[in-house]
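Take a look at these structures.
Both complexes below contain chain A, partnered by chain B and then by chain C.
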Partner chain A sequence: MATENISVIKLRNLLLVTVPPDPDDQTVSALQEQVLQAMAQHECRGLVLDISTVETLDSFFARTIAETVQMVGLMGGRTVLAGMRASVAVTATQLGLTMGKALTALDVDRALDLLDSAPSGDGV
Partner chain B sequence: MAKQPAATPTSPATGLGTDDSFRLLVESVKDYAIIMLDPEGRVASWNAGAERIKGYRPDEIVGKHFSCFYPAEAVARGVPEQELRAAAKEGRFEDEGWRVRKDGKQFWANAILSALRDKDGTLRGFAKVTRDLSERKQAEEQIQQQAREIMELSTPVMQVWQGVVVAPLIGSLDSQRTQQFMERLLNRIVETNSPLALVDIMGVPTIDTQTAQHLIETISAVRLLGAQVVLTGVRPAIAQTLVHLGIDLSGILTRSSLAAGLRVALDMLSLEVVAKNGKP
Partner chain C sequence: MNAASHGEFRIGSESDIVAARKVVRNAATALGFGITDVTRIVTAASELTRNIYHYARSGVMRWRAISRDARLGLELTFEDSGPGIPDVAKAMEAGFTTSKGLGLGLPGAKRLMDEMTVRSQVGKGTTVEVRKWLRK
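And then the complex of A and B:
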């Protein structure tokens, strides 16, 4: 059931990925795998991770996302985390979880703007 | 060998065991030339293995000096005598080198020369055990040659555009290959006056910290020339490995494919590929 919930959509030269509401470890790992495969297939210059439905977040999730950001960077893409909920941001800060070098945006719309203006994923 | 007399009775004439089965054993062994030399180096006994490896029959060789097994230049340098002296002094001498058969053909031999002394410590002669390692030597040389050829083959550096060279890496990178690859890449960059080099690692099966370190070194060397490297062909598996190993490639341009890398390169050179009908 884990992998069914992940949608990886190629949008112009970007990947749009919606993270399911309550992702378990397996889902997060599968997400990383699918994102990287899509990067290899489409040569996208950016990745938007829509986490607006995510209500809880743990250290495995945070670490895997941070790693994915780096991996996508190695493959030439930038990553934007879009729409993190306020409660999640509070928890993340309290737990000291960082998302590595990911850019952040309030919503997917702004994430697309950000990727349009930012240079492609160099030096991540 | 020198301690053998304690266990088996010895005949004063040869120093060999008188026990028939023991002599039969030595005489019948075909894979090793087991021969005895007198203190001056003349052949005193000869077994089936020696006949097979060196080509002489016992009646042709017994009594002759063992230097006839060595190539002329080794004899001229006094190698046989040096080996006898070394064996007499140290008790044992081991050597690998070319030896000559009766028909003049050379073979690669491993030879162990042991001094045989009686209870009083008087030198009675030498035991010489020789193995024919020609096949192994040949195989080793073949492997070395193939390795050289593979190295030559596997690191081409091609100019794909004015100012852009591409170096596809195939197979694993050890320090020797890196060294060669680095030299070749740097030379080509200078020759072609290219400010950009695309190093493609699509054909590298796995990457470890050492390989990554070699890559980073190569990239730093290129930068010293005033050129830039784009690392291309970063497959998902390679990206995952690099991150899990904690290898820091920050500051290095990386792309998932050679095509994407070429786009970056052209972009950096302010070039644009335009379709013929005028549309981008």
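And then the complex of A and C:
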């Protein structure tokens, strides 16, 4: 089965990753792998996960994101979750999801501002 | 309305989790649920479908439009012939899991929906029924 396309773009010293609207588990796992590879390859200091089109954030997806945030942190990068929809935020909170150490921003533009001002790395 | 007031979806592979979400999204939207409730219902369905795939490998999801006291709602039933849940009360506790999951599936789905019933027999299988009512 083909996984949905994941767009991973290097932008200056950051990675911009656009998460597809309704990814299956395989796509979510592939996303984590691609992100970590790209982080290492491009020596990025931060990651922006654009989740503005995501309609369903369930516990598997959330766990993988929280893991990715932690892994990126160990590699010295910060992660910003950008653009979570209101309906998804309500649902995620009721479901009991936490996103680990992810920073959050209303959209990608603000996420870039946030990473510009945030200290790099996780102090590891 | 009769033609689209109920349906059935078989779960047998990982990609069926996404497919089941689409079925539920369409049903909930057609019934008139708003975007936040649709998201709640679809997310609950995602957790319960994943439970079936994860623990029982296969099963079936049924959905139907329901009404009670002039209120409309959506009922989803998830049925499998898997290993069953030895202690349903324990499984309803947040954070309890026998797999590598977060343990949010059952308790999370319950919080997202208005009503939930779990019937399970070890060695026979599990049936989870959830309902969401349209706000007047």
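What to note about this one:
Note that the second predicted complex is superposed on the first by the 118 of 124 C-alpha atoms of A that agree within 3 Å, B and C clash if a C-alpha of one lies under 4 Å from a C-alpha of the other, contacts with A are read in each partner's own complex, and residues count from 1 in each chain.
The rule is simple: a contact is a pair of C-beta atoms (placed from the backbone, for glycine too) under 8 Å apart; a residue touches a chain by one contact, two chains touch by 3 or more.
Since the structure is predicted, the reported quantities are computational estimates derived from the model, not experimental observations.
Superposition of the two structures on chain A leaves chain B and chain C fitting side by side, clash-free.
By the touch criterion defined above, A:36 reaches chain B but does not reach chain C. In the superposed model, A:26 lies in contact with chain C only, and not with chain B.
When the shared chain is aligned, chain C comes close enough to touch A:59, but chain B does not.
When the shared chain is aligned, chain B comes close enough to touch A:71, but chain C does not.
When the two structures are aligned on the shared chain, A:13 is found in touch with neither chain B nor chain C. Across the overlaid pair of complexes, the angle with its corner at the CA centre of chain A and arms to chain B and chain C is 100°, in steps of 10.
After the two structures are overlaid on chain A, the closest C-alpha atoms of chain B and chain C sit 10 Å apart.
In the superposition on chain A, none of the residues of chain A is touched both by chain B in one structure and by chain C in the other. Looking at the complex, you find that chain B touches chain A at residues 234-236, 238-240, 242-244, 249-257, 259-260, 264. Residues 32-33, 36-37, 39-40, 43, 67, 70-77, 120, 122-124 of chain A touch chain B in their complex.
Of all the residues in chain C, the ones that touch chain A in their complex are 14-15, 17-18, 21-22, 25, 35-36, 38-40, 42-43, 46-47, 50, 94, 101-102, 104-105, 107-108, 111-112. Put simply, chain A touches chain C in their complex at residues 1, 22-26, 55-60, 62-63, 85-88, 90-91, 94-97.
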